[in-house]
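Two complexes are shown next, each including chain A; its partner changes from chain B in the first to chain C in the second.
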Partner chain A sequence: MDFDLMFTSFPKLLGATVVTLKLLSVSLFFGLFIGLLFAILRLNKNIFINKFAYGYSYVFRGTPLLVQIFIIYFGLGQIEYLRSTFLWVILKEPYWCAIIAFTLNTGAYTSEILRSAFQTIKPGIIEAGKSLGISNKIIFYKIQIPIAIRQSLPAYGNEIILMMKGTSLASTVTLMDLTGVAKYIISTTFKPIEVFIVAGGIYLFMTFIIHNVIKYLEKKYSFQ
Partner chain B sequence: MNIFKKSILTVLASLLVIGNVYADKIKIGTEGAYPPWNSKDASGNLIGFEVELAKELCSIMNHDCTIVEQDWDGMIPALTGKKFDAIMAGMSITEERMKTISFSQGYADEVASLAVMKGSKLENLDTPEGINLSLGGASVDKALKILKGALAGKTVCTQTGTIHQNFLQSGDVGKIDVRTYKTQDEVNLDLTSGRCDVALAAAVAFTDYANKSGKAVVLTGPTFSGGAFGNGVGVGIRKSDTKLINDFNSAIDQARKKGIISKLAIKHFGFDASM
Partner chain C sequence: MELLAFGKTGWGDELFYATLMTIAVSVTAMFIGFFFALIFTPLKLSKFKSLNLIGNFYTTVIRGVPELLVIYLFFFGGSGAIMYVASIFGYFEYIEINAFITGSMAIGIISGAYSTEVFRGAIQSIDKGQFEAAKVLGVGKFAQFYKIILPQMLRLAIPNLSNVWQITLKDTSLISVTGLVEIMRQSYIAAGSTRDPLFFYSFAAVLYLLLTFLSMKLINRLEAKYSRGY
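This part shows the complex of A and B:
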């Protein structure tokens, strides 16, 4: 065991963690909006809107994240027509390709989490609002959404952790995230165990933080 | 002795026999993604210069060999972790790698080159045809200076953990944006898509790709050898396996004398890359 290497690679890996956190926070931010939008679409009574939203979450939950990144990065890059459009400005950059893939992926899962949370709201609560003369719009924003968010906290916490680990795939499209830099150090030192232990430790620490923040929020907004 | 005990003993005994057979067998690791050195045919069988050369060397050494596939970025850790006993994967003999593993004598050598898409501004660089970084001198300095100017701020793509990456990050060509990929295939894809302004790899890796894909990939600038590019390609072997190193060294000697290496090199590279 080369402890020196572990010490010297630690600051480099920590620097790369910034990239990982950036990828994670940006894709979670956009993913939450997409998730909320598609959760609402899923609850729509119109069969076309409903099926469209279902189709999106079905496709993105039913294919591996790695395949999605490869299709967006290497796949779309091969379409000559696309390279002449303004879209290429975004798709040319590996960073945005990764963000798009992560956002669409987490959006699909988040929409399912929120949809099931909406559906667990007891009709009595909505009826109580109605009987007090509160408008449907206010019921939705002030009653349904807050309850749905509380309900979905444990599942969404899991999704954040899964996504955090999923960002390691960014290294497959040349991004120098935590895993990317770990692989780079290994490619010059040929010592995978030491470097991956340190990288794994950093991932574990991030999970620890996320887990505890979610646990705190769960407690704070508990119904009891 | 009942039938149950008997069958267990039979299985154990046969395991011992199998174990012994494997002990004499040499496993050779290759990447299978760096044509014409090593690659795979449509049905997934390993083919290429090194796959055929490995078979020849094994028959000279009178060893039973199997050739196994291993991703490039895990090649040396897999060797030291005893997943296989030798590397034949277009791996150049460099000082950096010699810190961890040993090499046989070189069996082939072949220059590196930059490549761009036809029509690129970098297509016609005013540099000498080839430079040897070990020799140095005025022409090398001049070529590097021209490259520094031409490549400044450009995105240069190459495969992870290669001599090419080492060279690009050595600072010899100034400030460039180096992007690294898991395989040469991915480098080729991003060169044609335009994400890479220019790519660096073995010259034949590009010409082979251009021929097979029909894409307008062209070589540019000088060809590189020496220095960060190492001293030819050899068989990577664990430092402790001194006997295997000697075996490979004498097998390579014999194969060279018989002209086997040259013949295979001409077949796969189109020119005699043997050494």
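This part shows the complex of A and C:
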């Protein structure tokens, strides 16, 4: 065991953790909106809208995240037309490409989580709202969405942890996140176990925090 | 379409073999995972606190750390660890383990952590009466597990195991960083030499979709088989 290396690499890895957290929070933020949008589309009665939303979540859940990042980072730059538009400012940056890929990926999983949460809402609750003369719009925003969010908290907590692990793939498109820096230190020092313990420890710590925050929220917003 | 031609002009045959490689790694990893689950599930269900701790440590660490980091650990540390073990037995030559074995081991250990959780959940959801009835009837521990618990457990575990299979299949794409020529690596090579990354990565996505779709069909059939009588 090389404890010196563990001590010297710790600040470097901690610095890289900031990149990981940035990637995670930005993509979760946008992913939640996309997830909500597609969950609502899934519940639409129009078969084309419905199928479109299903296709989106099927494709993004059925392919590895790595493929999605590579298509966006390496693939989209190939289209001549895109290079001439303002989108190119975003798409030439690996940081934004990674965020787009993560957002679309987590959006697909979130839409599934929210959809099943919407479907588990008891019809009686909606009927109660209707019989009280509350408009459909208000029922949706003030009754259905809050209940769905509460219902989906445990599953969404898992999704946050999965996404945190997913951000490690940003290192494959030259971003120096926690895994990227860990790999760099491993390949220069050839001490994989020490670096794994430190970097893995940081990841576990984040998992621990997320897990407990979700647990706290679940308790706070429980029905009892 | 000529990009996908078989033979020397296209990448069709290379991608076909790469797909077979992806399947081979996924299946091997899944079985390695079952092996680990077989060891760690009893530990997690054990009455002894210390054994519980070992089981929980394994599943918590592996499920809380990115797959890529585990793969790097195996890729950079694998041959070192084997050489260290060999040196105890007096063998000091350089040993290189091939990418297939390191890759399947890394993915297998990850998949094992998920399988362990699935098996634990399945065993815990079997009615206690089943265990007691077996005991009362004087069925031995071994027969109790294989003839009574396992068949009931499989029915409950298959839907979740199919999730583990999907995760495992998708995780194999990460082994491409170690240079094993599976779908992702082959697409990377093809994209580099034809300068057509959009086509090849999209095609890789289609291949993965095809694999997940076909495996779901197969698993559904298996599920129907084990749900007979319910």
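Here is the rule we use: the second predicted complex is superposed on the first by the 222 of 224 C-alpha atoms of A that agree within 3 Å, B and C clash if a C-alpha of one lies under 4 Å from a C-alpha of the other, contacts with A are read in each partner's own complex, and residues count from 1 in each chain.
The criterion applied here is as follows: contacts are C-beta pairs under 8 Å (C-beta built on N, C-alpha and C of every residue); 3 or more make two chains touch, one makes a residue touch a chain.
All values derive from a computational prediction rather than experimental measurement.
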| item | value |
| --- | --- |
| Larger contact residue set on chain A - chain B or chain C | C |
| First, second, both or neither for A:L204, with chain B first and chain C second | second |
| Which of chain B and chain C A:S84 touches, first, second, both or neither | neither |
| First, second, both or neither for A:S131, with chain B first and chain C second | neither |
| First, second, both or neither for A:P192, with chain B first and chain C second | both |
| Which of chain B and chain C A:V67 touches, first, second, both or neither | second |
| First, second, both or neither for A:K183, with chain B first and chain C second | both |
| Which of chain B and chain C A:T172 touches, first, second, both or neither | both |
| Shared chain A surface residues [contacts with chain B and with chain C] | 74, 78, 172, 183, 186-187, 190, 192 |
| Complex contact set, residues of chain A against chain C | 58-59, 62-68, 70-71, 74-76, 78-79, 161, 164-169, 171-172, 179, 182-183, 186-187, 190, 192-193, 196, 199-200, 203-204, 207-208 |
| Residues of chain C that touch chain A when the two form their complex | 60-61, 63-69, 72-73, 76-77, 80, 166, 170-171, 173-174, 176-177, 184, 187-188, 191, 195-198, 201-202, 204-205, 208-209, 212-213 |
| In the complex, chain A residues that touch chain B | 74, 77-78, 83, 88, 92, 94, 172, 174, 183-184, 186-188, 190-192 |
| For the chain B and chain A complex, residues of the former touching the latter | 73-74, 76-77, 80, 96-97, 100-101, 157, 160-161, 165-166, 179-182, 186, 189-190, 192-195 |
